[in-house]
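First chain A sits with chain B, and in the next complex the same chain sits with chain C.
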Partner chain A sequence: MAEKRFWNAKRREIALFYVLVAPFVILFIATKLVPFVNGLYLSLTNYTGYNYDRVEFVGVNNYQRVFTDAQAMSSLGRTFLIGCITVPLGLIVGLGCALLLNKARKGLGVFRTIIYMPSIIPTVAAGLMWRIIFNANEGLLNKFLGIFGINPVNWLGYDHILAALVIMMTWGSTGGLLLNLAALQGIPNELYEAAALDGAGGWKKFTKITLPMISPILFFNLVMGIIGGFQLYAQPVLLAPGSNGVLNLPLKPTYTYMVHAYQQILGYSRFGYGLAMMWVLVFIINILTVIVTKTQKYWVFYSD
Partner chain B sequence: MKNTFRKTLSILLTAGMLLGASGCAAPALPGEESSESESRKTESSQSESAEPSSESQEQAPESQGVESQRFDGVTVRVWGATDLLNNAEFEKYVAENGEGLTYEIVSADEIKMMSMVATGTAADIWCLSAFSHGAMYAARGLYEPLDDYIAASDVFDEANFTDVENLYRFDGKEVGAGPIYGIVKDWSLDNQIWVNKKVFADAGLEIPDPTKIYTWDEIREWAKACVEFDESGEQTRWGMGTTNNLYQLITGMVCSVGKSMFSDDLSEVYIDTPEIRAAFDYWADMYKSGAAISDMSTPGDWGGDSFALDKVGMLCCGYWFGNGTLAFNENAKDRMDDFMLIQAPSLDTSKGANACMAGVGASIWRGSKNKEAAFKFIELYNGGEWAKKRAIQGFGNPAQSDLVELLPQETQFQKQTYDANEFGMKNMITLKTNPYITAQGMESTFQQFFYEVLYERMTMDDAIVAMQEQFETLLAEGKEICGVD
Partner chain C sequence: MNRKKEIRKYLAYAFLVALSVVFLYPLIFLAANSLRPYINKKPVIFFTEWHVENYYFAVAMIPFFKYLLNTMKLVVISVFGSLVMDFLMGYAFARLRAPGREMLFKLVLLQLMIPYIAIQIPQFVWYNTLGLMDTYWIFILNALGGSAYNIFLVKQFMSSFPRELDDAAKVDGCGFLRMIAQIVIPLSKPLYALLFFNAFVAAWNDYMGPQMFLTGDKFPLATAMFGNIYFLPDKPEIILEPVLMAACVLFTLPVIILFFFFQKYLVQGIVTSGLKG
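Presenting the complex of A and B:
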């Protein structure tokens, strides 16, 4: 009987797998898992930034504080409401642009680049650009509205800051475009031809063929949108009054949960409490993601 | 057999990953090259066999005297001195006078520095604002007291320090008394006012007297008089811009009438006062009327460039602006006599109001293993020939009284600003801060409620109650951090 070699093909394949994933796993542990666990530990302490050598365990005090802090709770509700506006809008804009770009026409590549560009511009650059556009005095948007006889609007003021934020985020929501486009192009043409033969019009084809076929991608974009929506921080800060950088305080309509968490850490040195706020958010996002996942069976179509 | 092999291989690889991860997480040791710090080592006559400083160089200043020590092989790490980045002239100066000392600039924000403090790798020297960080970090045990070093120094003389040094003094009970925890490099009376004479003339305003202390109400009248709109209703001229934040402006206003937001023993905060209410009302009015540059109405900058373009009538930002910025502005440098400096306003005229609201200085981190070398660096950076050179350039007031006369006084503009600045220094007040509440905490709280009042979403009374509660919480937390009852 031939002697079985230790390093046979199977074992080599397994070893190769572990070698190839090792860099990612090492980096994940070092840069994600260790800080995660450290953050969880510090959220149970009275860490203030400079007392690491004499930090004290405070149990769940910080977590209790999250639910008794009126500002934390109101900012959480506000974040949820903003998400209820921006996430669906983002999905609609992303899908709408993909539908427009799915048809073969002259200059399609140029249009795709232009429409996709907002999602690749760095957030800070986009924020600074929109601050200039929204400027009540010489901003582009007011100048444009002035052509139609509309009086200048203080976009960065209390009454309109939320609208300004929604406009800015909708402009940058073409990130899902590529996925939507790929999904649209994956729909077999025969389905549309068969539907046409049965007398289906454009709307029927869209609702009965297009939407179900791309529903997995819509589901993915929805989940990512929910996660991103709850983590909303940079855009409100960039549109906030003042010149204090990351510590600019957004006006109340755009004062989100993450802004409040960052203020606790950077503004008030309440590291333990700020970290507890973030862990509460992780929990909330997970719950919501599970709920949305459970709804899949009602509206997401998987061909297999 | 197969499963056993897989398990063994998995365990071995996982152990290897964990060991590798723990190796990745190991902090750099003090004195080692850090990939995160920007190294600017000076050329020096260091011996290759010399080792980095440890206990051998940690001698009491009385026994040896800083000036006679060598620092071969010692590298001090400096945080916050952005003016020293790529500064070949200073590198050469340190190489010639540093007794073998070298330095490297550490790029970090406060969060990163906290991490470095936790791992014992923080920078030796912290160059931060005396107003916002001096007593605050001293109270938290992060700064080394410098009295013994100063006493043994040939460069610094405590009797020669200007009153701005009081921002770095804290005896555990009062800011402005007790040990010194830092030495200021440059400073200004940050609430003095720059006036654009051309704008004033155009607005029909008389040129102010630079030795008179005007009230904030008078300043507001002038600011509103400077405001202009074009035919389409767009604002084309503003009354005032400032680099000071709300906390600085409010503190300056409160202290201008001899009051303070804090009790003498720093145990209480007073928010429900006429002065705080007046300050809130004042700036809300200035913002709403467009008299002050704000996010409600802005020329696109804080006012510095627009001031030179005759779009802003006044700037509240101190002596440094004149020779340090305005003199280099293309729209201003050939007509500097169109600008002048006047005294800081007061809520009433019974007391002086000139105060330093920043004052960047240098302090030694208490955990530094190179304290002697760090003080040597401070002598080079904040004192001696380098301080004289900076005084001659006029980028700010020197911390040492005998250097004040070196400030530029050649042109008419320089003479006027020198006289106004000197008058201000004679009438200077030290702002009363509370080291148990961070300056950022004060600013964040004021900002939060100011905008609620500004946009009439909250009454002044409700804002006062909410701020009082918030400040009391911050004070209690701060005292706990500092170990004070």
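Presenting the complex of A and C:
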């Protein structure tokens, strides 16, 4: 009798599990897997959004075009370069702020709130705001630099737009702060005490204890940074001249790969080509993520 | 030795104050300039003028409240998906034993690795083909399907609950939904708050999803504000910066207020969900 009830309970548990998870599975297939496969297929065709019933199979043409399209290739290199600047900067800002906050006992809440805030400001609002700050004639930044006798800089012009983009993105890159702080506060104090007994200085404690202990978080932030960095799109467009909204064309130094891809898809209805561009990027992101994951054993320290 | 420590502490505070100014001032600049006269081109560096009428223009020159209502619809869908679907699915993965669970969870992990665009762009092409554009169904289906990141978060959080919890509830003859409502949710308060905040902010800030799946009439604020929408009626090249900034303030304020209310839970949620490693 008791055994029967146990089996009943077990079966009910299994049934409940599948009822709860069913939407995830069904909708994964219907709204993700099917579009995914369809997208792979269409990247091999000349689909433009209107000719679904008579698309022509063009093989790997679209992919060949990605690699021969000078704009796609140069924008890919540019995106990589921008990522090489913004991702490490973001990591350093997030870690630096967390280290400082970890030292502060009084006023921690206030500082934490202020420093974290930029990362929750809607991208669109932040972009519009920075555009006004960067304004050449009356912008805040030039006014500030003027105090030191520096001539007005045309931040949104060809020569400085990249610097402007980096400044804006670094300002908004404090999102990892809470995670970093939680990791720092999770380091057992005994480790530092033991190190102090051994006569370790501040720098040594930082490199031998702090960094290894939070390396899993740094790794996580790095991977997220790489994935996000290659998809960079909104910030350059928001700093771009014109009033076409999402189709504004950024100046060359900030014309990223995703900008080019969205132009193909949303601007020119070149769905097949746009999809091919996207798959190439997804492939590159995955390769890089795998490579970075492989380097884990050299610098990421897992305590358990 | 102690003196050195003291100096280091003051230095840290000095740095923190400087950083706070750097991070906070752009927002103050935004707020201050949303109140300057809209014809005067010179920006102000602090609250010296109070032209509140900019805020009137900000909501009157464009169908602001219509966009806001559209935003709210997307927020409700997103929050529902997160608090109900992600929460229950995460619970199932964490607490219910069933064959095939590990395999299905691999599916969740797999989705975590896929870049956002690899789902959104194929979806755009797919729905475009099906002629399903310009409906909220796309957002509802995405919400019902759950977010891999949130499911993972919930599972991590609930894995630390003691096993006796489920058994105790069963012995008491407590129904499933009652157990969720009366035991699991109260135990997961910081996580619940984190999910709510993330879902709210994600939907509130999202401009690309609506841009792709909806058209002008259904645009939320984020998408509508992406273009420069405030200009002199007969001279579109002259952008009314203070009015635009007023709109930015209106658009940003709810997120900031919410953040103030929720930040205690955000920190707690991050610590207890074991996301720190």
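Here are a few things to note about the model shown:
Basically, the second predicted complex is superposed on the first by the 281 of 304 C-alpha atoms of A that agree within 3 Å, B and C clash if a C-alpha of one lies under 4 Å from a C-alpha of the other, contacts with A are read in each partner's own complex, and residues count from 1 in each chain.
Keep this in mind: contacts are C-beta pairs under 8 Å (C-beta built on N, C-alpha and C of every residue); 3 or more make two chains touch, one makes a residue touch a chain.
Note that the structure is a prediction, hence the values are computed from the model and not measured.
After superposition on chain A, the partners chain B and chain C collide with one another.
Of the two partner chains placed by superposition, A:V60 touches none, neither chain B nor chain C. Using the contact criterion defined above for the overlaid structures, shared-chain residue A:E138 touches chain B and also reaches chain C. In the superposed model, A:C84 lies in contact with neither chain B nor chain C.
By the touch criterion defined above, A:Y52 lies against chain B and chain C together after alignment on the C-alpha atoms of chain A.
After overlaying the two complexes on the shared chain, residue contacts for A:V292 are found with neither chain B nor chain C. When the shared chain is aligned, chain C comes close enough to touch A:L281, but chain B does not. Of the two partners chain B and chain C, more residues of chain A are touched by C. By the touch criterion defined above, A:A182 reaches chain C but does not reach chain B. Contacts of A:L20 after superposition on the shared chain: chain C is touched, whereas chain B is not. Judged by the touch definition given at the top, the superposed model places A:V34 against both chain B and chain C.
With the shared chain A as the reference for superposition, chain B clashes with chain C in the stretch 128-136, and the other listed options (56-64, 128-136 or 146-154) are free of clashes.
Comparing the two interfaces of chain A, the one with chain B and the one with chain C have residues 14, 18, 25-26, 30, 34, 49, 52, 132, 135, 137-138, 243-244, 265-266 in common. Against chain B, in their complex, chain A makes its touches with residues 11, 14-15, 18, 22, 25-26, 29-30, 34, 46, 48-53, 132, 135-138, 146, 152, 154, 156-159, 241-244, 247, 249, 251-252, 263, 265-270.
Interface of chain B with chain A (complex): residues 5-6, 9-10, 13, 16-18, 20-21, 24-25, 110-111, 114, 117-118, 140, 142, 232-235, 245, 294-300, 302, 438, 440-441, 443-444, 447-448, 451-452, 455, 457, 474, 477, 480-481. Of all residues in chain C, those touching chain A in their complex are 8-9, 12-13, 15-16, 19-20, 22-24, 26-27, 29-30, 33, 41-43, 45, 85, 88-89, 91-93, 96-99, 101, 104, 107-108, 111, 113-119, 121-129, 141-142, 144-146, 151, 170, 176, 201, 204-205, 207-208, 211-212, 222-223, 225-228, 236, 241, 244-245, 248, 251-252, 255-256, 259-260, 263, 266-267, 270-271, 275-277. Residues of chain A that touch chain C in their complex: 9-10, 13-14, 16-18, 20-21, 23-28, 30-32, 34-36, 38-39, 42, 47, 49, 52, 97, 100-101, 103-104, 107, 109, 111-118, 120-125, 128-130, 132-133, 135, 137-140, 143, 171, 174, 178-179, 181-183, 185-186, 214, 216-217, 227, 230-231, 233-234, 238, 243-246, 258, 261, 265-266, 271, 274-275, 278-279, 281-282, 285-286, 289, 302-303.
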